[in-house]
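Below is one structure, written out as structure tokens; comments come after it.
Labels run A, B and C following the written order; every chain starts at residue 1.
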Amino acid sequence: MRVAGQRAITAWSWISSLLLTGSVVTVVGFVLIKSLPVLHWRLIFGRTPPLEALWRWAPVTGGLWPAIGGTFFLVITAVGLALPFGLGAGIYLADCADGRLKRGLTLLFDVLAGVPSIVVGLFGFSLTIFLHRYLSARIYPSLLISALALAFLVLPYLIRGTQEALENLPNALRLIAPALGATRMQNIFRVLVPKALDGIAGGVLLSIGRCAEDTAVIMLTGAVASAGLPKSLLGSFEALPFYIYYISSQYRDPQELQQGYGAALILLLVCAVLLATSLILKNLLARRVRGW
Amino acid sequence: MRSERCMQSALAAAAWISAAAAVLIFLFMAVLGWPLLGNGDLMQVLCGPWSPMHHQYGIRPMILGTLCIASLALALAVPVSLGCAVFIQVTAPKGLGRALHHLVRLMTGIPTVVYGFVGIFLLVPLVRNLSGHGAGLSILSAGLMLSLLIAPTMILFFVQGLAAVPQSHRQAACALGATPVQQLIYVLLPQARRTLLAGVVLGLGRAMGDTLIALMLAGNSVATPQSILDPTRTLTAHIALIIAADFESPEFRTLFICALILYLMTTLAVAVMRRLAAKPVEIP
Amino acid sequence: MKMKRTCISILLLWFACGAAAAWAGDLDPFRDESGAIKISGGTAHIPVMKAAADLIMQLNPKIQISIAGGGSGVGIKQVGEGLVDIGNSGRKPTDEEIQKYGLVLHQWAIDGVAVVVHPQNPVKALTSEQLKAIYAGTMTNWKALGGPDKAINIYTRDEASGTREVFWEKALAKGEISPKALFVASNGAMKTAVAQDPNAIGYVSVGHIDDSVAAVALDGVAPTLENVKDGKYKIARGLFSNTKGAPQGLTKKFIDFIFSSQGRALIVEQGFIPVK
């Protein structure tokens, strides 16, 4: 291979990297610069004094507080619903299933991970209509339905996170407890899971991030433009990503648009912090395992 | 010993219930779409134009729209992603490569809706003014933003593929006097070929499944696009728009066909990807 | 527009201080209430609904009012199915719909549907024939209409929209709408889209027009509130809030509030003509 060709490849790799970095810096920088003028507590609490909103749950109008609260409760509910199944399935894959069974199950989880979120949203919506008609007239598109649909969406992330954390543990560790007479389950729950806890937590944080950013599912299953803080699981709710989508197409004046930028910045920060923490936790586990 | 068995069955139940979710979604869509699947209307739905005014509910424009936007995004993202992966694994000065790797990992966390938001207020006016044609809401705008969305996923996959090539092969090439770039061309890329392809397929799956970017940036018109500056509507955006319709109308029924097509396309992508990646790779 | 915002802020401040003696009575029924009202449907209604909801929720945090869009078709369908308490529509529900679901109609405002273009566009008047040709996709350049030599970007709404229905029936006489038209999801989104695109043409509720878009006179009649009121501007419609059966409890109080003098003031403020 000639020197010119080699140079071209090196140049191409540099240009690609600069292009990518440049694009990301542009996207994030654009949001940051545009939202600087509104970075003030009024962005979140509107005209309500922050302490009133925090201590007495005073209603907030013209601020992001209801959307932030909605996203918070949504994420808690969704991950809460998915967690037992995600952890259980992850442990099962790592330590109980073998061979063809394991391959079959991971295939299904990969398929589930690939299902577009809008399809999950449509599923949630149709399920609601179905239940509303045939089970109880009190079931509407609501926070609970959105959380349920989101739980489907993040299940594969939880499973994969748990499975990987457990499988990355050194094999020797897997053998010690059984050699001393521990049963399989004792080994899993007393030895392996505690040792892999930071990796598992990393997977959980990752799925929280996925829940917080997803828009397609919630726009079909109960997110609305205006609802105030969520008061029950069966009510409609506001959410940050939906707010950003809504404002992008129907802001009424420049101030509202700027609030949209503010919301985008907050969501960006929340997701970045969650993801970074998740990566750090996974790294911690990997480093510890290497130390053994 | 009874609690031992209980525990194990609980774990198995969790796994099976989770796996059933994937099947359940498919079955639900298939059952609800059945009235259209069952009789001869299916071909009409798949190949016809969308014009509710004339009682035509074909989704061909949306299928084409999805393919156009996804392939444009892929065409833009693959060279850049491969370049970045090569940078991280081969050509970068040590610290810089790691920095980019970290940045790419963080990029996977940027919410789709933020890309859409920035696209509307930064990219769309730019495309409109530079092209001097159309509204700026176009395949090009959506494809550009979408390529940025799928690039990190592909880069992480490519990096894993390149890193998985046994060190000894690289060392052998090195001993023969190959420069790092020569090692890349003659050893790394050929050996990692299947994983790289798998990464591209994964990117394609992601691109087809995204809703918000196409919904916000592609203009959502139902005509068959003639150029990349034309607006178009994807299957995903179609679902988001028509969900508002009366849920007993024929418009609404076509949504399940859209959902089934999306489900099958992404499942196919997953299956191809798993076949290509010989040993299991961490899907970013 | 700025005026509107300022007006609302002043109003809100006024209520917060409890100094609004003249209207204070209209909100009284909500004082000891609690519960939720779900509203969805017509997007032209949203500003009025939101303003009313903000006032009520500010007064009594135990009440939760959620407002979703979707379009008139959605509003009618969802209230009929019992998914929401109030389903708004920017067109009169058909007799079939009223009968099937047992809807009770509450028309609280008159509104028009106006053709809008970008403020920089010199074309400020069109004939019905020209409008039909533009929307059918046979007239594709602004030059022929006295504008710049640029392709016309048509914007339209989805099938669930009452605004689209009224526009299609009364302005286009049920004529073609080109498949090349760009789709937006609400009145608000239509206004924003046209305000950003110098070559756009679209249609919005008259109540939503502000200085970010320019209204186009149709056959010599400008789509102003006065012309809609007098019946000179033909593309007019009512804004309806529909309930399944007679409204009950909190929902009834909300509808009564919209018809109260304070509610009517809100309607005027948002640019619509209240019905007596």
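Operating definition for what follows: a contact is a pair of C-beta atoms (placed from the backbone, for glycine too) under 8 Å apart; a residue touches a chain by one contact, two chains touch by 3 or more.
Just so it is clear, the structure is predicted and the values come from calculations on it, not from any experiment.
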* Structure fact -> Most contacts overall join chains A-B
* Most distant chain from subunit B, judged by the mean position of its C-alpha atoms -> C
* Asked: Quick one: subunit A and subunit C, Cα centre-to-centre, how many Å?
  -> 36
* Asked: In angstrom, rounded to a whole number, how far apart do the mean CA points of subunit A and subunit B lie?
  -> 18
* Can you list the residues of subunit C that touch 2 or more other chains? -> 184-185, 193
* Structure fact -> Where subunit A touches two or more other chains at once, the residues are 129, 249
* What positions in subunit B touch 2 or more of the other chains? -> 247
* **subunit C residues within the subunit A interface of the complex** => 1-2, 5, 9, 12, 36, 38, 40, 46-47, 50, 53-54, 57-58, 61, 64-69, 81-84, 184-189, 191-193
* Structure fact -> In their shared complex, subunit A is touched by residues of subunit B numbered 1, 3-4, 7-8, 10-15, 17-19, 21-23, 25, 28-29, 32, 79-84, 86-87, 90-92, 100, 103-118, 120-122, 148, 151, 155, 179, 181-182, 184-186, 205, 208-212, 216, 236, 239-240, 243, 247, 255-256, 259, 262-263, 266-267, 269-271, 274, 280, 282-283
* To do: Mind listing the subunit C positions that touch subunit B in their complex?
  => 70-71, 73-74, 77, 151, 153, 158-160, 176-185, 193, 196-197, 199-200
* subunit C touches which residues of subunit A in the complex? -> 47, 57-59, 61, 129, 132-133, 137, 140-141, 224-228, 231-232, 235-237, 249-253, 255
* Taking the complex as given, what residues does subunit A use to touch subunit B? -> 1, 6, 9-10, 12-17, 19-21, 23-24, 26-28, 30-31, 34, 84-89, 91-93, 96-97, 105-123, 125-127, 129, 152, 155, 159-160, 164, 183-185, 189, 209, 212-213, 215-216, 219-220, 241, 244-245, 248-249, 260-261, 264, 267-268, 271-272, 274-276, 279
